[in-house]
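Pasting a structure here, questions to come.
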Amino acid sequence: MKRIHTGIKGLDNLIEGGIPEGWGVLLTGPTGTGKTTLAIQYLYNGYKDYNEPGVYISLEEDVQDILKVMSTFNWDLNTLQREKKLVMINAIPKKSPDATEYVIKAPLFSQTFSFESICSLLEEKINEINATRVVIDGLSALALLYQDDFKIRQGLLDMTNTIRSSGCTTIYTTEIPEGSVGISRFGVEEFITHGVIILYYVREGGKRTRAIEIRKMRGTRHDQSLHPYEIAEKGIDVFSEEIAFLRDNLL
Amino acid sequence: MKRIHTGIKGLDNLIEGGIPEGWGVLLTGPTGTGKTTLAIQYLYNGYKDYNEPGVYISLEEDVQDILKVMSTFNWDLNTLQREKKLVMINAIPKKSPDATEYVIKAPLFSQTFSFESICSLLEEKINEINATRVVIDGLSALALLYQDDFKIRQGLLDMTNTIRSSGCTTIYTTEIPEGSVGISRFGVEEFITHGVIILYYVREGGKRTRAIEIRKMRGTRHDQSLHPYEIAEKGIDVFSEEIAFLRDNLL
Amino acid sequence: MKRIHTGIKGLDNLIEGGIPEGWGVLLTGPTGTGKTTLAIQYLYNGYKDYNEPGVYISLEEDVQDILKVMSTFNWDLNTLQREKKLVMINAIPKKSPDATEYVIKAPLFSQTFSFESICSLLEEKINEINATRVVIDGLSALALLYQDDFKIRQGLLDMTNTIRSSGCTTIYTTEIPEGSVGISRFGVEEFITHGVIILYYVREGGKRTRAIEIRKMRGTRHDQSLHPYEIAEKGIDVFSEEIAFLRDNLL
Amino acid sequence: MKRIHTGIKGLDNLIEGGIPEGWGVLLTGPTGTGKTTLAIQYLYNGYKDYNEPGVYISLEEDVQDILKVMSTFNWDLNTLQREKKLVMINAIPKKSPDATEYVIKAPLFSQTFSFESICSLLEEKINEINATRVVIDGLSALALLYQDDFKIRQGLLDMTNTIRSSGCTTIYTTEIPEGSVGISRFGVEEFITHGVIILYYVREGGKRTRAIEIRKMRGTRHDQSLHPYEIAEKGIDVFSEEIAFLRDNLL
Amino acid sequence: MKRIHTGIKGLDNLIEGGIPEGWGVLLTGPTGTGKTTLAIQYLYNGYKDYNEPGVYISLEEDVQDILKVMSTFNWDLNTLQREKKLVMINAIPKKSPDATEYVIKAPLFSQTFSFESICSLLEEKINEINATRVVIDGLSALALLYQDDFKIRQGLLDMTNTIRSSGCTTIYTTEIPEGSVGISRFGVEEFITHGVIILYYVREGGKRTRAIEIRKMRGTRHDQSLHPYEIAEKGIDVFSEEIAFLRDNLL
Amino acid sequence: MKRIHTGIKGLDNLIEGGIPEGWGVLLTGPTGTGKTTLAIQYLYNGYKDYNEPGVYISLEEDVQDILKVMSTFNWDLNTLQREKKLVMINAIPKKSPDATEYVIKAPLFSQTFSFESICSLLEEKINEINATRVVIDGLSALALLYQDDFKIRQGLLDMTNTIRSSGCTTIYTTEIPEGSVGISRFGVEEFITHGVIILYYVREGGKRTRAIEIRKMRGTRHDQSLHPYEIAEKGIDVFSEEIAFLRDNLL
């Protein structure tokens, strides 16, 4: 089974070297755990270390803000974009020009388009730069577009079906509401993906601890423990040799 | 009472040698516990060790992905399929060609058909290869087809009624959402099956433990403890001589 | 107050010798606790030890399956049926012939009938064999027939009113969903019955413990402790002299 | 403030000798705690010890069944009824003759009447026997008549308004569903009554303990502890000198 | 900041001498904690000790019953009413004369009026007696008038807006349902008031403990501990020098 | 990354000196934790220490009341307003003049306007005084304007989009209902803001403890502990050198 290296050494150690090619992986955890950072690091390392181009779609946060944050890690994403090794799409929900409905707006492409058309844009960009890595960042934002959980579930199904057929290895990020013990927001994310990675940020007494866990990875005899990680100067570091001891009942 | 051996020795030990013939058994647990692996191992062993053909329907995950994962155990499922000892049906929900509704699509049979017609396909295939074992993998996917729990319950009832009348011994898999303490997703699975097997994947401190339990098995003086299991190189191994000690309140 | 002996010695010990004549008793507990076994044992002992005929209606599980399971206890229910000392009615919900609605179907009587008509069938059979004992097995199945809890409550009320007027002493079984701390599924069962018996199957560490409790029995200074029981070779054995110590908070 | 003695000595000790005249008191607790027994004992003692006639309405259980149960305490309620010192009304919900709606049926008065008319029947009977004590037994049954909690709340309000204006001192019983920590079923009972008495039946390890608590009693410097009680041969005995120690978190 | 003394010495100690003039304060706690007693004591002391007249509106309990209870503290509220230093309005929900809807009925003023008109009555009475203190007793009763939480929230908003513009210092009482950990019933009470005072009545083992806490008081460096209080012979006594130790997790 | 100093020294210490320019920060916590005080202190220090004007909008509490409370800290907000360094807008929901709907009313600007028009007023005022700091105080009040959570989420999205494009650094306050473990009321606040600051007010035994935590701050290697804070004579003091130890499970 061919594996796509995340380029985050401590993380690759936990999953037999990388994510199996073509898999979709859910990256989940509460707010402020560095989901976007990890996901973009996966794309940045992908080109820098393995020469594999990638496509990034943000459903939640403005790409300009993300670029500002990522510059603190000294990742030169603008150059990558200019060299057509990375495409970053700003697909956050905005009111349509006539202010009657909410649509996805991707300003970098001077274009207003519906959520359904994201998939075709995605295919187009993947082909354009021969991408093999994809990140869909912020599934939780779908709650702003659709009132009905059932519609969201079907939208997720469509999206993952489209992406699977592209052959790309994909990370989906989603936010777990604080105080929830589940790993998905809409109840189906975990079963339309081949892997689940959880980021924890748990308070014990007066301090927060960060930990990462491989919860599922099809076709992989993956690690079964929780490990500390840091959001350090050059991005995320996973300490695969150390165990993170969290109390048993997290609420 | 005639018993159908799962061929997983540690598991057969817990249930007087096997599942009573004709029974439907619910195999349940959270994501990443190896439900699909155990279910396919039941079919693979069924032919390899007991010469009993089987039919497998996936409602959730692409059969091509499953074949890729199972190849890591060196189970040659393709040969079994060619020799008509195993039929694997890809019945995952897809948008219908005119994009107006969701239907079950089984590409291997170049055919789009509704959920209701799965039952007739199933009967046809059982007869064609004289199958005595059936696996219905991923009942949770029904949430993608039907918005209404009541309809799902009745769909489940229809399906189990159809399969019972075929005389096959059947494993149904379903996913328990993380953080739930129930054993069924739609509230009726446990009472339309003759047996319930639970897979646990419980975090204690910084580590996950896997355990299996026979929660119910009609007509069987079954084991009443939890036992460790591993997803090892050649499939699932159940350690029926060891007890798995899990903390009392799992949330 | 005349008492109807269950014929399960350890159980009769807990309730001043038996259930007061004419009472309706709710037998409840999670899946796999032997509710059906205890209920049929009540009917079997009723004839074998006290010469009292009984009527059994299954709302949930096929009577043929139940007969197969009960044969493992060496209870010859077929003979009892032939001698008109026991009537077993298969009243499980099936799609109606024209496939448009769900109805109760009782194949032994070659007849499709609605839930409402169960009561008249019941009266007819009670009179036919002079039954004094009744079992209604599987109230939870009502969730498959009615979408509306309010309708289910009223259906339950009608049914218990009908049965009370027959003078028979009746056991109703219902399943408590795993992880629930209530004793009824639809919120009214406990107040339309004169008694409540609970079966527990509680995991402590790596082992399950079975226990029985008399939760309510009108007109009876009943036992107030939990007692171990076994599903043994000849049916259920209650150890009324021993106390079962379960942890305080069962979830 | 004039007080109406319950005649249960241990209970009167906890509330400065009795319930203030004209108050409505909610008697609540899970199934099998003896609510009906305590309520009828209040009426029985009322006549036997204080020569005060009473009216009893059962909304839940057949009066014939109740009489059978009460006979085990050797309370001759039939004589009291004959002497017009006690009126017992069977007002349990039944299907109306034309089977289209549910109504309250009071067979002793050969009459089918709506819930609304209970109040006028009550007034009539209070006047007829000069009753000063009333028991309304089984408010939970209202869930069988009305689908809508809002309607139930308003029905409760009407009923308590009617009864207050009669000047009678009244006990209302209601059942707390198992596993609930509230004291009312419909969310308003506690604030339309002047007092609340709770009956507990708590499992600790393998044994149940009975306890009674005065939770509220307007105009009364009532006891603030939990006390053991027994359902003994001559009715309920409250041990007002002893404290019942229950674990802190009852679920 | 001018402060309005409650006249309950222990309480005034906790809030820099009194409630800031013009504030609205939510007084909350479960049933039987003496909310009405504390609120009326605030009005009674207001006139007796500070010569400040007050208006009281009961939304929940009959004013005649309240007068009876308050007489046990020897507070001569009737004289105060005669001397026009106190107005007590009985505004409890009753069926309208034509029995088709529920309205607020204030019998002392021989008048049926809608909830909306309470505000104008209130203004009228405040002006008539130059009141500077107001009590609105029993917000929970609004659940009997309106089926829709959204309407209740808006009604609360209207009421507090009206009262604020009168300049009076106001106590609102509301009941917390048993077993709730929130401090408001409709989800908005705490943010339309300037202060929140909580009354606790917590069971520990076999005994109940009373405690009071200042949860919020705008513009006041208020006490941050829980203190015991008693409902004694002359009303409520707060022991501001003592700390009440309650277990951490109250459910 | 340019940082906007809050001027609260202990707080700036926790976030590398200040909030990154242009960010929106959610300030959340239960009632009575000083959210309004902290937010206005941010504006007051902004002008006093850094000469940066600010705009404040209250959605919840009357600005006159807020001015009264803030005067206890000796912050002369009236002078700042006169000098056009601070604009305070009273945008609390009131009934519209024809009493048929609820609208936002901003009396200082003698104008009734809809929630949608707040954004344009905001833009106008920002330009008028060249504001670089904004506070939106009391998002929870949106529950009074909209019945539908979905509409509230979209309203929040519009508002944050408008404010982001102004370039101002903004604090949004919202109330967490008592007993909730989440950090947002409408389920989306945390993902439309770049930072989250939590204020705690936790009871342990008989005393409350105040603590502050930086839960998220994009582009910032922020502190990961809880720290005590006080609402002192001159406003909020954060003790960044001390750790606040709170019990692990706060409910």
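In order of appearance the chains are A, B, C, D, E and F, and numbering begins at 1 in each one.
By our rule, a contact is a pair of C-beta atoms (placed from the backbone, for glycine too) under 8 Å apart; a residue touches a chain by one contact, two chains touch by 3 or more.
Remember, it's a predicted structure, so these values are computed and weren't measured experimentally.
Among the remaining chains, not one touches chain B and also chain C. The fewest steps needed to get from chain A to chain F, moving only between touching chains, is 1.
When the CA atoms of chain A are superposed on chain D, the rotation angle comes to 180 degrees, reported as a multiple of 5.
Chain centres here are means of the Cα atoms, and by that rule the chain farthest away from chain F is C. In this structure chain C contacts its sequence twin chain D using mostly different residue numbers, the overlap staying below half. Mean C-alpha position of chain B lies 60 Å from that of chain E. In terms of their C-alpha centroids, the spacing between chain A and chain C amounts to 52 Å. Residue positions of chain B with contacts to 2 or more other chains are 247, 249, 251.
Chain-to-chain contact here is organised cyclically: the chains close a single ring, every chain touching exactly two others.
Each chain touches the next in a closed loop, which from chain E via chain F reads E, F, A, B, C, D.
On chain D, the positions that touch chain C within their shared complex are 31-32, 60-62, 65, 68-69, 72, 93-95, 102, 138, 140-141, 143-144, 147, 175, 177-179, 203-208, 210, 231, 247, 249, 251. The residues of chain E lying in touch with chain F in their complex are 1, 20, 22, 150, 153-154, 157-158, 161, 164, 180-184, 187-188, 190-191, 194, 196, 211, 213, 215-219, 221, 224-226, 243-249, 251.
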